[in-house]
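Before anything else, here's the structure in question.
Note that the chains are named A, B, C, D, E and F in the order they appear, and that numbering of residues resets to 1 at the start of each chain.
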Amino acid sequence: MVVSESIELQMQQAETRVFKVVFPEIINHHNTMFGGRVILMMTETAFMTATRFCRKNFVIVNADKIDFLKPIPAGSLIEMVGNVESIGNTSIRIRVNVFREKMKDIERVEVVSGVFTLVAINDDNRPVRILD
Amino acid sequence: MVVSESIELQMQQAETRVFKVVFPEIINHHNTMFGGRVILMMTETAFMTATRFCRKNFVIVNADKIDFLKPIPAGSLIEMVGNVESIGNTSIRIRVNVFREKMKDIERVEVVSGVFTLVAINDDNRPVRILD
Amino acid sequence: MVVSESIELQMQQAETRVFKVVFPEIINHHNTMFGGRVILMMTETAFMTATRFCRKNFVIVNADKIDFLKPIPAGSLIEMVGNVESIGNTSIRIRVNVFREKMKDIERVEVVSGVFTLVAINDDNRPVRILD
Amino acid sequence: MVVSESIELQMQQAETRVFKVVFPEIINHHNTMFGGRVILMMTETAFMTATRFCRKNFVIVNADKIDFLKPIPAGSLIEMVGNVESIGNTSIRIRVNVFREKMKDIERVEVVSGVFTLVAINDDNRPVRILD
Amino acid sequence: MVVSESIELQMQQAETRVFKVVFPEIINHHNTMFGGRVILMMTETAFMTATRFCRKNFVIVNADKIDFLKPIPAGSLIEMVGNVESIGNTSIRIRVNVFREKMKDIERVEVVSGVFTLVAINDDNRPVRILD
Amino acid sequence: MVVSESIELQMQQAETRVFKVVFPEIINHHNTMFGGRVILMMTETAFMTATRFCRKNFVIVNADKIDFLKPIPAGSLIEMVGNVESIGNTSIRIRVNVFREKMKDIERVEVVSGVFTLVAINDDNRPVRILD
């Protein structure tokens, strides 16, 4: 995808970050954050990134290639980072990478990543162009 | 994958079903169930299906091909259905299909589907064989 | 209650099942699932069973005879099963049984049961007949 | 049940009150508080009342006669009030009454009531006497 | 602030109490209730106290002097108590004190306190007088 | 407070950002985000900012000057931004500013701000120096 300078800037400004403490309320019986909870937060991050890119209504149509690379123990911090990966006619692909930080040491590693496709819709739920 | 009769029976018994009312607490600003919430419940269903297939510890390693076919309005009922799709050495693939029912009419349509890969682990977090 | 064959079929089709992992987020300080959480899920199951029996609006009017037979430790799986117990003029009684499975052993025991009475209402909140 | 003056005082001091705003997060598609949510809060109130009566460990064994008298619309306030109803050897019965107040008018009506039986247990999960 | 006898009575009747079990779902990784959760419940208590004082619409404009005096371990009971502290023209100040009780001993200590200012508004979101 | 260049860098790196969709599950009956929910998220942001500044254990001791400047309607996006405001011997003050963005227009305004004081503690819950 070749993108103009102004769209590249728009893509940078759409980057959306969400930090979270891994509290007991979101962990499973292995004492790590349940995978489904991670995907829930990644989906919300993807939705916000798409919305902030072009300020249109979006619905999610696909989630793909969500890879869990490392576990997320209780008491970690995680940061979700959403970025526009590519722009179609009426759809947009958002990559969300999740990083884990320890509370008491400096360490930052990627633990999950995935790609979400969303479609821009108007008030009648019809697809509309991403770029006007 | 060729499976013996006894494994086929085991797969049938692992089928896991979860019905849910789409209450306001899980909807978004379009008045439909937020996609991330659906994936959260699908992941939990996949985890239970794998666990009930062979009664081992599982961690999720991948979610893929999650396709949102139709919206899920507030006030619907949904049913998640998890089934074993294929069995690897130490991993298992679970398909989860989500069906939507209307509260006041007889209608049942598939609205979401996806595939989740989980790995069986022992108490030292090492992969173990799915089938003994 | 004598029921015709077609109503018996309708009752069978209304059976509603909900599996759930007992995550830390729903347990109490004894490390077992809090009784109130179990009743919350039983009530939702009863509501779905009534709704799926005759596709009318329902409100709950009574919960009764909810007996806790065995504890539900964190890390169990539970399945709620809702069935029509009897049908009145404008009300319906739903029995919900809750079964507990261990994650790593084959074991299935009943842990809770209870009866919920719901009334079918129209859009003016007036009781309407269950069977047309 | 004949109770001594000191036990009567102990019963009065055990009375436990919980006020709650009926926010959208706990309502159903009829725009009223979902019955299961009410019972969840009643069960927690019953548990606290029993605990505060004699400062022992309690588990719930039964919920009974939970009658929904009136609906609880979104935007109401409710107050749960738990009181000791009777004391057995190792069990205690707690009555919980739920009152509804309007936000903008003075009105207070009872909307739900129910009875919960709890058993006092020691650290080995054995029943122990309520009154020493 | 000099208040008439009738307003003093009104202030007494506005007192609002909320008891809560400190379940695992609201604790942090130190095994104590997370401070943010306490403030959330204090804010709700302040809102109910103001509403019950004069049955008007309120919005919160300020929270101040929230002091955490002692930790709240998992398995405690807490009680939030909201009282009118002072009444302005269109605003009201509510003090919320939080007390901690142990489950198995008689002990009651104040653990948190804070002051919340709310403004009464009409349906056009304009400030209105607290006392008519 | 005069801070060295290296501490200034450390302060910049501690900045912590949390974006959030204002879903129906966190709004009140005015269709705006409930103030208590905002403070809950601000407290979590303050905790993460302090933790990420010096990787020690922190407990919150005070929240102050939390001013609600503008309402946050359902369907907004908000971003919490936490920054170190000043560093004491064993305590740290974190400022959290909350910004609101509209989903479909470019607009970004500050809606809430507040200051949180946290104390660094060791494993015996004793205060320890922030800067080694």
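As a convention for this text, a contact is a pair of C-beta atoms (placed from the backbone, for glycine too) under 8 Å apart; a residue touches a chain by one contact, two chains touch by 3 or more.
Composition by chain, UniProt nomenclature: A, B, C, D, E, F = Acyl-CoA thioesterase.
This is a predicted model, so every value here is computed, not measured.
Smallest number of touch links from chain B to reach chain F?
1
Out of curiosity, which chains are bumping into both chain C and chain F?
A, B, D, E
Looking at chain A with chain E, do both copies bring the same residues to the contact (over half shared) or different ones?
different
CA centre of chain A versus CA centre of chain D: separation in Å?
42
With centres defined as the mean C-alpha position, give me the chain C-chain D separation in Å.
So the centroids are 22 Å from each other.
Roughly how far is chain D from chain F, going centre to centre by Cα mean, in whole Å?
Centre separation, chain D to chain F: 37 Å.
Please set out, as single numbers or ranges, the residues of chain E touching at least two other chains.
21, 24-25, 34, 44, 47, 57, 103, in rising order.
Identify every two-chain combination in which the chains touch.
In this structure, the chains touch in these pairs: A-B, A-C, A-E, A-F, B-C, B-D, B-F, C-D, C-E, D-E, D-F, E-F.
So in the complex, which bits of chain D are touching chain B?
Chain D reaches chain B through residues 24-29, 34.
Where on chain D does chain C make contact in their complex?
Those residues of chain D that touch chain C are 30, 32, 34-37, 39-44, 47, 57, 59-68, 71, 114, 125.
What residues on chain B touch chain C, complex-wise?
Interface residues on the chain B side: 16-21, 44-45, 47-48, 51-52, 55-57, 77, 101-106.
Once bound in the complex, which stretches of chain D touch chain F?
Residues in contact with chain F: 21-25, 74-75, 103.
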